[in-house]
């Protein structure tokens, strides 16, 4: 498979220079880390969920990140209000279908969001994306279960169905807009030993989608950056907590040369 | 007092191999750390509180952890729904009576939970457990106040009253099912300088209760593991934040030999 | 400008000895760090927001910290109940007008709080304070936008209007009760690369206000301590996450000599 001709650092540079505002309606578990990784990359995170203010906050933002990790019915209603505001201004909306496949509520609300507002990027792990694509799989809480199928065509079909991009994270990340498919082989097993790395990846995608209209390209670049930071962190950590500290430090310091040398992004 | 003949590592190994799903309805302050310590030990945490999904999430879990640290009336209702689902499937339910003794609401809701659902392990610090056992003590927010009484018989009576186990954390942890009483002398003073270590201890108990039916044995093993990790961390940290980082790293890496050498669990 | 004759360590010592209970109704993003910095300094944080218990919790506390970072209408109602309880007992109330200037809701609720309860210290960054002082400025989510005006007289006017103290954090912190104005030049640029340092500063102010009736003096001392810890941390960190870890460790360990040597507090 050919390595993608992808200027990842260019996008990171735009994030650092433009400092885009990334509005989140996310879960209460990893909310701090989502904000903090966006900040470490140079963007400006804001978390706001009151139905009275989400439309206004979304409208001054450059990307909107939704994550159903600790959803409630009311919280999803606020997500819809925010998303409609973002949609009206062509601000990209990223949806992390966190825990889809674990409960009926998560499935139902994921589909409601996909049907009632325009989602620009759907993000999930293999069992979450499989579930949203209509497969009969179970997610173990918010952790992926193994899915037998080759997920690239499943993701591509899902992208076509919703006229959006799909970012599936795992050992190899798959990013597709239904036409092109990127494979990102950056990353580290240590990411699976820390809570919230999937959510953080979604927020990083949000930061990159804020500065690049080609959303599959933006999402692939984002996941490469996150994966490279993880590789650098894993190389010098003694466990999941020191790994996480170094992940933020690495994300903050990433330079052009390191990214070009380490990126493992392939395009099909 | 004789050292307990307790195979702590066996239980940790089961956690790592079975990767049990630990469903939490917990507080918004320490929710991340509760999830993350469970993950560091090899289990799979999930946080979900919507009343529409808690029964289903609890039913696919191997333990349910409840913590009233930032309770509301509605949140406790969701706890009851989750607990009834867990009760129906004989999934162990652990209740951290966080802040009992500080406000009437915390006392009232703790008793409601104890009366309306089956709690398998009650967890608290000395003033919280004293309050739940009917003593007239005040908890300073969520921090223990000094309780004059010998708490072991108080905890044992409480265990008998609710036909459950009680885990009281402090300088020496006391774990009892009303018949046997374990004393865990592992731990570090540094645990008192970091927010959330009591909540994390409860989550660790949840992970161990998920793999061992003898719940006093499971809770004692859990607190020994947590305390040993704390001792290892304290030995190489320069303050509460570096201590916390090393606590997670140590929990992730604990091996059989270290546990056997360091465990200070006594059985009466 | 003359260096202030200010006994910062005296106040820190009181915090460590009295271990005051600091009740927070704060945002869900930085809630853990707010609690943890208060704990690192030796005080006892408690987070409680149920309308049924906030009055009682506030009444047993030594300071009440309000932060509208992730406000909802209901949450602000709970803040008012807590604040009225604190007011009745002369317990100082600190309000972080987090994100004022970003949405109408944040402006409206900030003014409601200021009008309906007694706020003793208003805390914000330059654009937040400017907005509360009636300027037509926009806050970028929760990050300050540059304000052209000299903010010291603006803050002093605001302090006079509400008969309170105002703490404006930035490159130089400005603390005023409308008569005296302190300038705190301690701090580090690294604080701007980590989410929640503004919220943490507010909580530190809460801990110091709990032990000193002269609230401008308390707030200036608090920001000096926080800034000194930041300088110490920045000197030995490799990025925002290692900086943050060392910030907590430094706050925990600060001694008299270090504070006296490093403090850069000026009084006008």
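Should a chain be cited, it is by its letter among A, B and C, assigned in written order, with residues numbered from 1 in that chain.
What we mean here is this: a residue touches a chain if its C-beta (ideal position, glycine included) is under 8 Å from a C-beta of that chain, and two chains touch if they have at least 3 such contacts.
Owing to the predicted nature of the structure, the values given are computational and were not obtained by experimental measurement.
Chain copies chain A and chain B are related through a rotation whose angle, from the C-alpha fit, is 120° to the nearest 5.
Chain A and chain C touch with mostly distinct residues; of the residue numbers seen at this interface, under half occur in both copies.
Per-chain CA centroids place chain A at a distance of 33 Å from chain C. In chain A, the residues touching two or more other chains are 28, 32, 245.
The residues of chain B lying in touch with chain C in their complex are 27-30, 32-33, 69-73, 99, 102-106, 138, 140-143, 193-196, 237-242, 245. Of all residues in chain B, only 21, 23, 28, 31-32, 35-36, 39-40, 44-50, 52-53, 56-57, 60-61, 244-250, 252-253 touch chain A in the complex they form.
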